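In what follows, structures are represented as structure tokens.
Here chain A shows up in two complexes: once beside chain B, once beside chain C.
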Partner chain A sequence: MTELPLVLGQVFNGFSVASLFVLAALGLALSFGLMRVINMAHGEMLMLGGYLAYLTFLVVPGPLAIFVAMPVAFVGAALVGALLETTVIHRLAERPLDTLLATWGVSLIMQQAARNIFGAIGVGVTAPTWLNETVSLGGVTFPATRLFILLVAVLVLLALSLVIARTRIGLLVRAVNQDREMAAATGIDVRRVDLTVFCLGTGIAGLAGVVLALLGPVTPNVGQSYIVPAFLVVILGGLGSLVGTTIAAVLTGLVSALSQIFVDVSFSQVLVLLFVIVFLQFRPQGVVAVRSRALEG
Partner chain B sequence: MTKTYGLAAALLATTALCGAARAQETVKVGVLQSLSGTMAISEVTVKNAEMMAIDEINAAGGVMGKKIVAVVEDGASDPAIFSQKATKLVQDDGVVTVFGGWTSASRKAMLPVFQRLKSLLWYPVQFEGNECSPNIMYSGAQPNQQIVPALDWAESQGYKSYFLVGSDYVFPRTANLILKKHIAKDKLKVLGEEYVPLGGTDFSAVIAKIQAAKPSIVFSTLNGDSNVSFFKQMSAAGMPPTKLPVMSFSIGEQEAQAMGASLVQDSYAGWNYFQSIATPENKKFVADYQAKFGAGAAVTDPMVHGYLDVYVWKAAVEKAKSFDVDKVRAAAVGLEVPSPMGKVKFANNQSLYQVAYVGKLDPKGQFSIVWQSKEEIAPDPYDPVAFPDKTCKLH
Partner chain C sequence: MDAESKSAASRYGWIVLAALAAAAPWIVSPYELSLLGRFLAMAILAIGLVLLWGEAGILSLGQGVFFGLGGYAIAMHLKLAALSPGDLPDFMTWSGRDTLPWWWVPFENPVFAILAVFAVPGVIAALFSWLVFRRRVVGVYFALITQALALCFATLLISQQPSTGGFNGLTDFQTLFGADLASPGAILTLYWVTVAAAALSYLGVRWLMGSRFGTLLRATRDGENRVRFLGHDTAPYKVVAFTAAAVLAGVGGALFTMHAGVISPALVGVVPSIEMVIWVAVGGRNSLWGAVAGTLLVNFAKDEISSALPDLWLYALGLVFIVVVTLMPRGVAGVVEDALRRIRPKAGAKGMIEPTAAKAGSAP
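Now for the complex of A and B:
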């Protein structure tokens, strides 16, 4: 009776959740794939994007403010990413454990700063009315907001794969990814490639922050609730692979959404974690195995 | 911290100066709320209300001629810290009683401390009941004074099928257990019961289930930020509160205004106090509070309970003519004390008699009262339908 629409709805919700995971995880996958850096402050880039969206909505009211907020958040988060990369991460490049601790510190600082500036309870971004519509199809309701987020994720993925596959900077990124020393020996400015990729990654996180603001509140710890699933997705995907990250996001999204037909949200998180553990038992290299010299030796 | 020390120094200096003119004795009490962390938004204002009561009492001559000195501590939204600070207040500072706590987790963490040190905690927030300690005065609503009356109201409005949504911790789980027993007893239907981790933001599955179940009303025991996500995603899915009514138990004036009143407009809430209650004593209280903390400052149920706790303590001390814990709590029971909610008194299970209200949120984040219980409801920590074998009698 009501079962089929619920299942179909959950498949859609799975993709919807996956689109958020992809946007949150892409930046992590990029910086890890290239630089072997685990950026604990990545979640705070999402938070930053959310707050930038909030500020943009204050300055530019109207139905199209979201299209202003997205580039603003992208550039804002990318700039903060540049600052973080040049002041902290680059200087600790040879000491991965220290980067972990240092970026965690940065994440705490950013959270407290947001708490002091905007208050602990968080701020709201009101979605434009055209996003508050719903589309009904075969007994399933699709909220326009979620369709929009799905679209944004697909566009970001397309744009990113075009950049990696077709542009000169993409070529350099692939070269550095495959063999850092060799790339440097051929005269590639490895330092600049690192910085560019890191900024790109944090920029996408900023963008993710904007679309998150359409679904929930922007709070000082909003990043924390997405950083763990994002890490999970990156690990499941095969460290540093974009295709792998995308497939992993869809897998986790679907496992989470479909399991929620039978169990509640708390328990479905347990199931997602179990799924990832079992999957990695059989395929420790993740969905897509990355061939990289950086992983060897 | 520096501020506190500065304040303390100023107080000391004042006391010293006054001492020269007129030696006034002092009595120390503890005020223990979260001044930092996620709960700070709600608890700082409860601290404000408690401090306001203390200041007013001091201005009127203190308690039994003694000036009250409040030792303020930060529970930092962390139950372990609540327990540490409670120990510190009672053992090191030697306070005679403590006002504070908000989450059930913080209360459960402090309970053993107050029992071991034979001290007394005044707890100002509505909770899940199912607890009965001689060392706590429970002024917030018991389930039979908030949740169950709200259900009775919903039933009287003709709502026949219910969907329960809550954050995943002790209060929503216990509250929903009680609700389910009552709904079953009244031969109505619970179409679903869903929990989301505290602070959870993804409601897609919950909303899909609500859509499939088609309940006539949703009862929400979600707490904190999750409420924003829930209402946003409900609206986005075409179910704003105007189309599918929602009854919340954790959204007060302050939360509604901080979340954006338009988001939660037209949803219902059950409480024992609303800022909009139009009695002279409440109007005076709201005006006094706003004169001190800003014209737009919201006043909520737990704040008023924190405020009246201090006055009941004062009245009980004066009746007992002692600061001794056992004498004070014995004196407090049955003692009528004026408050912004009217005259209040504690029952012999150390909980407060109170009226239950159901309000509907307006665009300004204030409640218009749509229903109130005919009289003050006697508190019952053990709901007779859910926990038939347990009783709580402390005096």
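Now for the complex of A and C:
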């Protein structure tokens, strides 16, 4: 069994890729479940997080800069998200397909702005030395950066499920998710719930951007390479479900990583798409189907 | 679109377009004529999008795939036609290939290549859309899956450098069915062929929109479940609309490739695919003449702006996306139709106003 370490290594890579997908897709899934809109500029929130991390590392040197960069990126991306939601997305609430196009326009502008400010080549963040270690286990080496990303994803997921399950805002989110009109009728400020969830989602994307900056240079289109798989994860996951999104991200990550044992990266992308289409043949509602008697889901 | 909004613009808009297209060779410079031919080829794709997006309400962010399939089909033939027997296309020799891939071989035959321009996008679109629509995957989901399709197509083309030409695509064509591609005669002929193809697509889609099929597509767009309750299975209609749009995209891609002399992943990937949607959004998604005008407008603007101020183009394009979609969802065609109606109110429009006025008058 000489192949076992290779397979194990790829399984680990799959989870590591999945953790990035989860961080990128969570915000999309949350606001999609709530408002039925997809924010095509979500990838640029990753990019923004990356650049904010770069700036923070310039100002705050030292091994713990990353822990300053994370909240900075979260807040920064959430603020830009708030601006985007109130100016564009909220206006188009009734036209989900048009939201795609309008937010794509935002994404183009943000990419070009980044190109003009930071240059097309990209900027690098030097990962703190404690992230350069590797951990060896059963013949497979795990880079500490990847383990750290996995940890961040797990913590974010835990925190988010706690917020949704235990806090007052979580209760409101669940209510609006189940029945928007009824929630509004009981006096819930639906508008504010939408805005809060959207900001939370873009904030998480900003956080994901910091993590991405540890893996490679931050370029103006760094978000684009993660966003299409993240869309597929949202489709696979089912309507705005945390559990569904997580399972879908793990599935996508594993399919992508394991297929790369046999084929190159571009073919593995095709295989992931085929996997999604075949999966939808059996479960068109996604991993976690929301059962409802409403006719128009 | 209801009978009310079928104003003078939508009835006579195509006559204006046709007259302009026919007069162009005598008015504009040869360079502008070649641009116009190229953009008219793109307009054929836009006509397909009116059927798919405007009529059926299906947003495809992957039209570049079908545009590219048509383009590559004809480009493979053009590449092979210029060779002496036994030779390989230049890029294959450079990347160390010594035999022609089997799927290249039939493209030596011009008839096969032309058939492939229609058949390859058509068959792939039918298969793909049937798989997806069968399971009632609609709306945003569908749009995102088509975008993933565009991403896969472009990455595959780039990664299979020895048999697809990779990032540079296929270019450097010399002859077109025996004629020198660079000669003024060939350019003019190609222009007329493109105008004819665009006119045929225009009339064909107009006929489809006026038929029972068109009515069912609009009904599906506005209330898919109601159409189901009336006893129609909506999936086949949507598959036909998607396939027709894909075939038109393929034809447009093939003509574009001959005009531009190149087809490459950069013309068919995620970004160009979504740009194709914006041509139609700017012109007006429900209006055939609007879509053609929008394609010409956006592309001439792109040509002007991106050669003068390259950085500005992406800002401008981004702004166009936001402004058109939020403020003028019916595009230029909508603005023109509203203006025409204001100048010359029609009997139908008065009929709409009168009852309200009567009601207001009768109220105490």
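To be clear about the criterion, the second predicted complex is superposed on the first by the 289 of 297 C-alpha atoms of A that agree within 3 Å, B and C clash if a C-alpha of one lies under 4 Å from a C-alpha of the other, contacts with A are read in each partner's own complex, and residues count from 1 in each chain.
FYI, contacts are C-beta pairs under 8 Å (C-beta built on N, C-alpha and C of every residue); 3 or more make two chains touch, one makes a residue touch a chain.
Because the structure is predicted, anything quoted here is derived from the model rather than measured.
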By the touch definition at the top of the document, which applies to A:V222: first (chain B), second (chain C), both, or neither? first
*Regarding the shared-chain residue A:S266, is it in contact with chain B (first), chain C (second), both, or neither?*
both
**Asked** Between chain B (first) and chain C (second), which, if any, makes contact with A:F32: first, second, both or neither?
**Response** second
Q: Please work out whether A:S16 is in contact with chain B alone, chain C alone, both, or neither, and reply first, second, both or neither.
A: first
- prompt: Just chain B (first), just chain C (second), both, or neither: which does A:I169 touch?
  reply: neither
Return first, second, both or neither, reflecting whether A:I109 touches chain B, chain C, both chains, or no partner chain.
second
Q: Using the superposition on chain A described above, determine whether A:P5 touches chain B (first), chain C (second), both, or neither.
A: first
Please work out whether A:L147 is in contact with chain B alone, chain C alone, both, or neither, and reply first, second, both or neither.
neither
Both partners, chain B and chain C, contact chain A at residues 264-266, 269
Residue positions on chain A within touch of chain B in the complex are 2, 5-6, 9-10, 13, 16-17, 119-122, 124, 126-127, 131-132, 134, 141, 143-146, 212, 214-217, 219, 221-222, 225, 257, 260-261, 264-266, 268-269
In the complex, chain C touches chain A at residues 57, 59, 61, 128, 131-132, 134-137, 139-141, 143-145, 147-149, 151-152, 155-156, 158-160, 225, 270, 274, 277-278, 281, 311, 314-315, 317-322, 325-326, 329
Residue positions on chain A within touch of chain C in the complex are 32, 36-38, 88, 91-92, 95-98, 100-102, 104-109, 111-112, 115-116, 224, 228, 231-232, 234-235, 264-267, 269-270, 273, 276-277, 280-281, 284, 295-296
Within their complex, chain B touches chain A through residues 37-38, 40-41, 168, 194-197, 199-202, 204-206, 208-209, 211-213, 225, 228-229, 232-233, 235-238, 255, 258-260, 262-263
